[in-house]
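My structure is below; once you've seen it, I'll send some questions.
Chain naming follows the written order as A, B and C, and within any one chain the residues start at number 1.
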């Protein structure tokens, strides 16, 4: 046999393939009945998702329609829309929702701007060894504890911290960044950056060289090629990365607590404080519906932009 | 002196207990007074009874289970007294450190209970825990040091209902005004400073709805026309005045501290120079030689009285009792009092305190003069029924709503 | 294609981003050597004390071991379920196919606090005690999609002709899978599993709600940050973890790097010329 498969010289009959062996019989059945295969493959993961994850989300939705006893905070199963009315009706909660969405959008844009040139260099200019090294460098911060990183930023921004010390040495004077929304914004941009770089890199790296050559053949200069050919092809990756940055910002409550100020209350904080502090699960559940609704819309938009075609 | 304390204590505590009971009894609009003693009079709603009141108590402390899961305030589980306990009993302590009493209530209830053994909750959480059915009756005879407690803390109404103990009293203390000596050459004398534009952007405030009581306490002294007597029992106009005061304070506040550690860091790094605090932060910062001081201003202060509550489904009851026994002894009470900066409930701790740090017995009022007592308004859950039996006091759920939507 | 000027500009950009990316990490390591529990700048001294404390701390060891245990279990479940669903979605067309892939993305698309709160509530409802099982369930749920993503990307890149050629040569179904397809996707599985482990190891928000009284390493760190009694010990622990994970990450990049990180030029060429 002159044809070698890419997997190597596995052309000799492998052991255990005697006709009539149990494995052979099972695999024959499965080959003849593809739908048995499909069902076998799909049932465990789908069962997991539907019976655990979706079920818990549904139970949460139901809880949003209940109330709590004001003294003991035990849940009382009286049906009411008051929680939703409270979330959408109170100006403070509306402000919190807008602030969170605004911050999530801002973080997404900034991270995209930072990530695209970085990923472009990684994907199309760097040599393979450098590329692997850069990939490791981007992944490594993910292994340092999220909490430790946020706390490090607290120590950087604090009044007598590293940043003001460095600025003082250069003669610029001090910044009052700690316990402000700006601090929360900067920390978010930092923490989620690897999550944006990786999908953008994957998308850029997948662009075949031939398409770029074709663009150049047609007379496109570098910037034109980038704008008209590369960016649209990279868009699914950017959108995929933005799902991460957007949703991670939408639900985070730890960073605002650690480095934020009095007006850095985000949706995640409201949910968390109603669970862990006020023990008002119905109100927290009602608030939780807001990010779910927002992300559902976002995911649908992302799908339309092609993010799920090839992540 | 102790009789005075007992009388004032019983009065204050009886009010809060009656308030709690009358809350649901009052739902039936019968307007009961504080004469009720545990059963409610009439009314369509179910009476406010303790679901776990009839659980059998432990008769004898058995072998330790090797682990103890505690919910504690930061500073209550220092290695100084935890290590000897672990060595003596083999009960290894796992702990979590929430920041507000509300978190204590939630943790005790979370997942249906059965996660944590005990919680060192304050007076404003204890009754909520008890009436939610998350506390287990305690056999106080198994804790010999209990006999040495100040009478007011032996069976205070916030942890003892109908003669049934649900925990053992621990210690109590104030919320102090902490300041940086670099910013204040002479110690401040009034809570003015945390409401003042002079310190705008340098103020650190407790992040919890119960802080509204501090604003009410301030207004009690500075705006007598409001007629505030008890900062936890506020009519709607009194409540709104306190909330408005805090709304004007909001732009001046640099930090609403979400944990003791956060406030320590802020003071140490110069982000803030004045604020409300616990003695724990004061002692931690002064131990690290930061120029920090603390006072109880002339308007008085709010404070808290803590109890080690036993959880209804405690997974390690023997270790829990061993801990209750241990933490109530005079020497350990003294160690904790001096380390944290609070007042022990064990009368015999005073002598030990002076051995550890000279003068600490007086400093932390372990010999409990009643004058000091009167200046501290201990945390208790605001309920709808006021002192005078009227129903127009603002309940805690509204405090939470106001804190989250109006103030912050 | 790019001009030298553009290349230099991009190089500078990459260098600056890397600097900013690693500055806080370096700071974490630096503060691990500070003597004071109250962390200020500049450091008041230099000491190895906190590393010793971290090394001997029983609570840290227990938390670390629990995190590893949970991570491994979650990664295993994620690999099994993730590969099952990847194969199903890649090889079969059925009604609701897009819906399934949408469903899979939900756990990481929705904020972690919602997953945590929902699971916490659900476990309370169904009377499942919070413990290691619930932590693993929470982690595995969002780890599945990580493995799925990696695997389906690789499956899409693997030419169908390989399987067909193998069948032409007389291999049975399972033989094709084991000897031909599996080596193609192995590196994707490994990198997916590693990424899933990494995410589980550092997960804090969902874990807060599903752990009960158990402490994974992030929960231990969270508690220590709130307590503020031994902050440099946290830095020491994080430093040790970074060093410990540096080795497997480098190793994985070596093995899987050529395969999973950047598919070989050959595979890209296959795509270029269309289907084989």
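To be clear about the criterion, a contact is a pair of C-beta atoms (placed from the backbone, for glycine too) under 8 Å apart; a residue touches a chain by one contact, two chains touch by 3 or more.
Everything numeric here is computed off the predicted structure, so don't read it as measured data.
Peer 1: Which chains does chain A share as contact partners with chain B?
Peer 2: C
Peer 1: With chain centres defined as mean CA positions, report which chain is farthest from chain A.
Peer 2: So the chain farthest away from chain A turns out to be B.
Peer 1: Once you count every C-beta pair in contact for both, which comes out on top, A-C or B-C?
Peer 2: Contact tally favours A-C.
Peer 1: What is the distance, in whole Å, between the centres of chain B and chain C, each centre taken as the mean of its C-alpha atoms?
Peer 2: Chain centroid spacing, chain B to chain C, equals 42 Å.
Peer 1: Could you give the separation in Å between the centres of chain A and chain C, each centre being the mean of its C-alpha atoms?
Peer 2: 12
Peer 1: Quick check on chain A: which residues sit in contact with 2+ other chains?
Peer 2: 155, 160-161, 258, 275
Peer 1: Which residues of chain B are in contact with two or more other chains?
Peer 2: 258, 262, 265, 269
Peer 1: Residues of chain C that touch two or more other chains: which are they?
Peer 2: 39-41, 120, 225
Peer 1: If you look only at chain A, which of its residues touch chain C in the complex?
Peer 2: 1, 3, 5-7, 10-11, 13-14, 17, 23-24, 26-28, 30-31, 34-35, 37-38, 41-42, 44-46, 48-49, 52-57, 59-60, 63, 114, 117-118, 120-122, 124-125, 128, 131-132, 134-149, 151-153, 155-156, 160-162, 165, 190, 193-194, 202, 205-206, 208-210, 212, 216, 222, 225, 243-244, 247-248, 250-254, 258, 267-268, 271-272, 275, 281, 284-285, 288, 291-292, 295, 298-299, 303, 308, 310-311
Peer 1: Applying the document's contact rule, which stretches of chain A touch chain B when the two form their complex?
Peer 2: 70-74, 90-93, 154-155, 158-161, 176, 178-179, 257-258, 261-263, 265, 270, 273, 275-280
Peer 1: So in the complex, which bits of chain B are touching chain A?
Peer 2: Counting only chain B, the residues touching chain A are 20, 23-24, 48, 98, 100, 102-103, 105-107, 109, 128, 131-133, 201, 208, 250, 253-256, 258, 262, 265-266, 269-271, 381, 383, 395-397, 400, 404-406, 408.
Peer 1: Quick one: in the complex, what on chain B touches chain C?
Peer 2: Listed in rising order, the residues of chain B that touch chain C are 69, 74-75, 78, 92, 94-97, 99, 110-112, 114-116, 258-262, 264-265, 268-269, 284-285, 288, 290.
Peer 1: Tell me, which parts of chain C touch chain B in their complex?
Peer 2: 36-41, 58-59, 120, 123-124, 127, 129-130, 212-213, 215, 223, 225-229, 231
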